[in-house]
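First chain A sits with chain B, and in the next complex the same chain sits with chain C.
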Partner chain A sequence: MLIPDYYQFLIHPKIISGKCSLENIPSELNGYDAQKPLVITGKNIMERGLVKKFIKAFYDSTVTLGGIFDEVRDYAGISLARDAAFLYKERGCDSIIALGNGTVVDLAKAVNVLVSEKIDNLSAYHEGASISRQLKPLIIVPACRSNGMEATNVMTIDNRRITADFLYPDVIVIDPRMTPGCCPECVAESGVIALTHAFAALTDEAHNPMTAAVAHPALSYLSEYLPKGVTRPKNKDASIALANASVLAASAYSNTRPGMADLLAEELSIITGISVGKYMRILLPSLIADMQKKKIKISDELFLSLVGMEAYAATPVQERPQKGLDAAMKLINSLKGLLPKSLEQLKIQKYKLAEVARVAAERSAERFTDADCRTVLEQAWEGSAV
Partner chain B sequence: MQEIKGTNDRILEIDLSAKKFRVTKIGKKDRNMYLGGKGLALKLLYDRMEPGVDPLGEKNMIAFMMGVLMGTGAPCSGRFEAATKSPLTGIMSTASCGGPFGMALKTSGWDGIIISGKAKVPVYLYIDSKGVQLKPAKAIWGKDTGAAEAVLSKEGVGALVIGPAGENLVRFANIRSGHRFLGRGGMGAVLGSKNIKGIVAKGGEVKIVPAKKKKFDRSNKRFFKYINQNSITSGSYRYYGTNANTNLSNAAGILPVRNFTGGSHGEAHKISGETMAERFKTTWDTCKPCIIMCGHKGMIEGKERHIPEYETVGLLGHNLEIFDPVVISEWNDICAGMGMDTISSGGTLAWAMEATEKGLVKTNLKFGSTDGISEMLRNIAYRKGIGKDLALGSKAASKKYGGEDFAMHVKGMELPAYDPRGCFGHGLSYATANRGACHLSTSLFVLEAYLGMADPYAMRWKHYMVKFMENAYAAMNSLHICQFTAFAVFLEPPLIKLTPNFIIKILNQNLAPLALNLMDVSLWPELWHATVGKTYIPFVSMLKFRKAGERVHVLERYMNTREGISKKDDTLPLRLLTEGRKCDSKERSVPLEKMLKKYYRLRGYDSNGIPKKRTLKRLGIEIK
Partner chain C sequence: MNINKYPEIQPGKKLIKRIYVAVFMWFFARAIQAAAKVDEEVKKEVETIPANFTLRLIVNPEKAFPLFFYAKMLPRFIVDKGILLYGLQMIMGKDKKGKFRYQGSDPRGKKINLSMAFTSLEAAMMVFTFRESLCTGYAHSRFVVEGDLPFAQSIMRIMDLTAVFLLPKIVAKLVVKRYPKWSEMSPLRKYLNRVLVYLRMFTV
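After this line comes the complex of A and B, so read on.
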């Protein structure tokens, strides 16, 4: 195994996964000398009765919930973050628990910055200032659909991404009670996002032993449980495995550079308001097909993670990278009719692709050219790789 | 002079890239099914345009279509319609205008023009009865709309022009004709993208007469009578203009204040139509022919100016917390000169003010302050500084900078000046209107908030009211007649006139289908039939007229669904769905979802908002 000349990897969130994990939250808070968390959650989580189950876990603890802010919907913006920060201050809270995924977590991170830094907007960070000190304790309890960013050092607020090491949550608690079966589409989307993140981490030229170590179990879980999860969304093992896969993939993703599928999906999502997962399901096969066509060299760890040791050992060394791509393609295509297959099917207007490619290429810091992005997008528009 | 009975049925199709034009005849079937104006414009584009074209590309087309009644002398009939794919919303957009261009084109013997392609250099089009000439526009390119129109008007009776905003592809640039505008959807940018500065029609070459003059005169007389006895058309609008709505909206709690965070304001009276009429000694300055005369001009600070319409006052006034009629008039003039829609301009400025307040963008704009607004309007028109991004509209700006939750638009088009949290039916209408947030799709706020003929906070039957009004207004815009005549036609027939409002309210609340179908709208189909020489059959002709309206509305919807529109787009800004207002003791938000489901079912759409095949078949719309 080659030793890289240089690499860095930050492992931050403590992960607590398994039965009765929620009951660990009070002691985790005590460890941070916190007693009164503000719970931030979404309307849909509240409607599904998960908040009630969550509160029950605190019955025998010394922790007092400072308040429950359940106004989060599909958009995380500064207006809502200010409202939640106001509640945090008014109730004298000292920590934050985000119950949910996606925008709930983004909002919780934004609130954490507002209350820790004692500011009322994020303009300085939008302009490139860095968050330079420890924030208040933040615990994340994933529930249902993930956008893959929960365990990362990234928050997207008002469509703008802010990255800082202090944005990592402190603890992630994965409890089967909080990850009941979502709809098959939600499971598929969350799985595809985790797959895209892990794929980016493993295929990036700058990947290192640690990203591979974290991405490997994520891909293994996905390979085994994603097909099961979409056919049987209420299967508890699959729910827990996929929630873990999301967290692990995100951890690897935080320590690597976003891949082309990530960048293109994000840009398309901002323009159209359609979730990134749907785009990743279309873009990843197109990217893989492009990589196969161009015979891009990738590490054979992708193959190992997706098919396991036996098949890996039985395959000649030179065939492993290509077979890894085949296996990834097979896994994503196992989602069958759950998600759209082409950008055309999503009725994305073709003339918009040029701008999407331009922005994604710009954001990739010269790793991908405009033309590379166009090629993948055009293939995705037709859905020919799916 | 050649005499034409009703319509000439000739369309001029201009391909700018090939520098060619051809004459097309409108078929009888299309005329019967889609009338003229909006309906025919959409049908002709549906036949010619593929979905997915770039609104600012060569393949996009723009149609200008005259009304059936234009030139006959029917009151308020001097209107024409434009249709294109909007660069603001990316879907079909239509707009109506009462400027002199329409009459000039029709009296040049054309019922409409369709423009495709792109000219290599800036040009203007000169149209007479023989065809079209492309003339160099170098001398007027860059001029504001007033100056450009003054030049072009020397060559013909009526002109259309764009301003610097259209040339610079501002997504909400409009097109001017006289003092009137094809206001919404960025039609000016479409002309700008085709390198067209203006279009001038010679006019006065043919005379238009109704085919059945006696019947026409009889209906026309009744029409005049209704308009002249209705309290809105012969009262408030005639004397105070559309800005008579300010006091009404304020009293009803639907006046947008501070980017739709409030619904009424103690200082609103300072910019009301009544105050402006008194302060600026207003007189009439209207479309022709018109007997409502809602357009006004007055002496403002020693200069004769057009008095701003209600929407302008709303979006550049109280929604920015500005209550100075003089500065609002100045901004109205800047927008007119630059060729920009005042609703979208104001809506985008309000977003920029709130975004500035929340640290998302850096501008010197502030609610309640007039500082920097004139400069920002010009920066938008010339796409300078942050004006470059604001020129894309509030939706695109909020995608880039954040603040989508307070970007007040539907499908990319900024909201007009009626807050639907005080009129739920109008909220449904905003969400389902084909071109985006449109107050002219139903104008249901009048029944709900102004006249007390429907409970503004009830959800029951609102889906039916919206569908009924959408169909009626689509038919009117195809006929094409001023929508304000609806007040007279709907409310003046004896059955409605003599029924007390509270009884109408109860009927609308509980038996809306019965109450609405009792409304006698026979006047419009009578005029239509008399103009084109068809035999009018009571009730049957009225049903055909209403079905034509339904067909036009559903065709537009179907065209939009081919561009990707579905249920996800039929929504309202988050603020209207989640936040209450202090002026409402119950702090209500719009319960859209429940009304929307019923609306789709009634319309014959599937649960995703796509017209079903059998709906299209029933209406005779060809499925592509």
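After this line comes the complex of A and C, so read on.
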């Protein structure tokens, strides 16, 4: 095994996963000397009745819920964050719980910055200032569709990203009562995002033993449970495994450089407002096909994590990296017709691709060229690799 | 912004589960007291525990589960003997004479050497409804142990043996780490002690 010349690794959230995990929240809050959390959630979570189950978990505890702010939809903006921060201050809350995924978590992180730093906008952080102090305790309870950024040190507010190590959540609680997906598309999207993140963590040239150790179980869970979760979104085992995979992949991803599929999907999502998961499902096969064509050298851990020890041991050493790419392609193609297969299907104009490729290449810090990105995008536009 | 749209929520209470846990703890504590008198193996384990040792099994948060209202009306010695149900705590101790006794649910005035605290009522329910054994519960962080840890092992063994005497095999298998074979515990000893434990539970 190669020893890396240099690496850094930070994984902050405490993960509590399994039966009756929600009931641990009061004792976790107690550990942070907090008694009155503000709950931030989405309309869809409220409509699915998950909030009632969530409140029941606080029965027989000394915790009072300062309020349930359920105004979050598909977009996290500063005005909504200000409203939630106002509620937080008026009620005298001392911690935040985000019940949901994606925009809910982004909004909770933004509220946390507003109330901890005692400010009313985030413009200073958009201009490059850093968050320099410990924020209030933030607990995340994943439910439904994930955008893969919940367990990371990133928040996206008004389509602009802020990164700081203090943005890591303190606790992530994965409970089978909360995780079952609402539809196969939602499960497929969350799974694809986790797969893309874990893939980026393992195929990056600069990956280290720690990112590999975290990405490995994420890929193993995905390989075993993604097809099952897509066919049966309410299955508790599959949903718990996929939620764990999502958190682990995000933890690995926040310690690695973003891959080409991640960068391109993010840029496309910002331009069009369509979710990142749909783009990743289209871009990842194109990227894999491109890597196979160019015979790029990657770690054989990808193959090991996707197919298991027996198949890994039965394959000659020199074939393992390529077979790993084949296995990843097979896994992503097992989603069948759940998500769009080409950018053309999403009605993306072809002339926009050049700009997307240029921005992604700039953000990659010269790891990918403009031409590399454009090749992948054009292949994705046609959907020829899927 | 109208903050009244988002009311403050004071979570309620699960009364039936509270009563179940209280009753279970009371029965279990009295059964351990009886087993310590009746069974040789339990006696040996109790002998390893020092005098004036006090064990407390509670459900956290302690403030959420005060003593039942009638405990305040009764004389102190009745509460300390644990004759009636008083709350969601189980205090057991070894006195100077070496007797391992149930000391009720009131921790006031007692020096606790070992505290085993369930993180929540639901965690206690998981263990007391036999969905998880004591060992699995500990591995899943359902309860936290504070104090003299070596004695916690003895207490766990005592609890396992008591569960074997109290419960039929099909249920006890779910509770204990390993159900004793015939070579380790003869059926005669098991059934005889079961009768004696049940008799002592309600009479002494």
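In the analysis below, the second predicted complex is superposed on the first by the 385 of 386 C-alpha atoms of A that agree within 3 Å, B and C clash if a C-alpha of one lies under 4 Å from a C-alpha of the other, contacts with A are read in each partner's own complex, and residues count from 1 in each chain.
Keep this in mind: a contact is a pair of C-beta atoms (placed from the backbone, for glycine too) under 8 Å apart; a residue touches a chain by one contact, two chains touch by 3 or more.
Note that this is a predicted model, so its numbers are computed, not measured.
*Asks:* Clash or fit: chain B and chain C on chain A?
*Replies:* Chain B/chain C on chain A - fit side by side.
*Asks:* Look at A:Ile55 in the shared chain and tell me whether it touches chain B only, chain C only, both, or neither; answer first, second, both or neither.
*Replies:* Touch partner of A:Ile55: chain C, not chain B.
*Asks:* Based on the superposed arrangement, let me know which partner A:Leu65 touches: chain B (first), chain C (second), both, or neither?
*Replies:* The second partner, chain C, only.
*Asks:* In the superposed arrangement, which partner chain does A:Leu346 touch: chain B (first), chain C (second), both, or neither?
*Replies:* The first partner, chain B, only.
*Asks:* In the overlaid three-chain picture, which partner chain does A:Ser123 touch, first (chain B) or second (chain C), both, or neither?
*Replies:* first
*Asks:* Determine, under the contact definition given at the top, whether A:Asp83 touches first (chain B), second (chain C), both, or neither.
*Replies:* Second partner only, chain C.
*Asks:* Just to be sure I read the superposition right, which of the two partners does A:Ile157 touch: chain B = first, chain C = second, or both, or neither?
*Replies:* So A:Ile157 only meets chain B here.
*Asks:* Which holds for A:Ile271: it touches chain B only (first), chain C only (second), both, or neither?
*Replies:* Once the two structures are laid over each other on A, A:Ile271 reaches chain B alone.
*Asks:* With the two complexes overlaid on chain A, what is the closest approach of chain B to chain C, counting only CA atoms, in Å?
*Replies:* It is 10 Å, taken between the nearest C-alpha atoms.
*Asks:* Would you pull the chain B residues touching chain A in the complex into a rising list?
*Replies:* 52-54, 57, 90, 358-360, 362, 398-406, 562-564, 568, 574, 578
*Asks:* Show me the residue ranges of chain A that touch chain B in the complex, using the header's touch definition.
*Replies:* Chain A reaches chain B through residues 71, 73, 75, 77-80, 82, 120-123, 126, 157-160, 270-274, 346-351.
*Asks:* Residues of chain C touching chain A in their complex?
*Replies:* 1, 3, 6-14, 17-18, 60-61, 63-65, 119-123, 126, 140-141
*Asks:* Along chain A, where are the residues that touch chain C in the complex?
*Replies:* 18-20, 23-24, 26-27, 30, 55-70, 83, 86-87, 90-91
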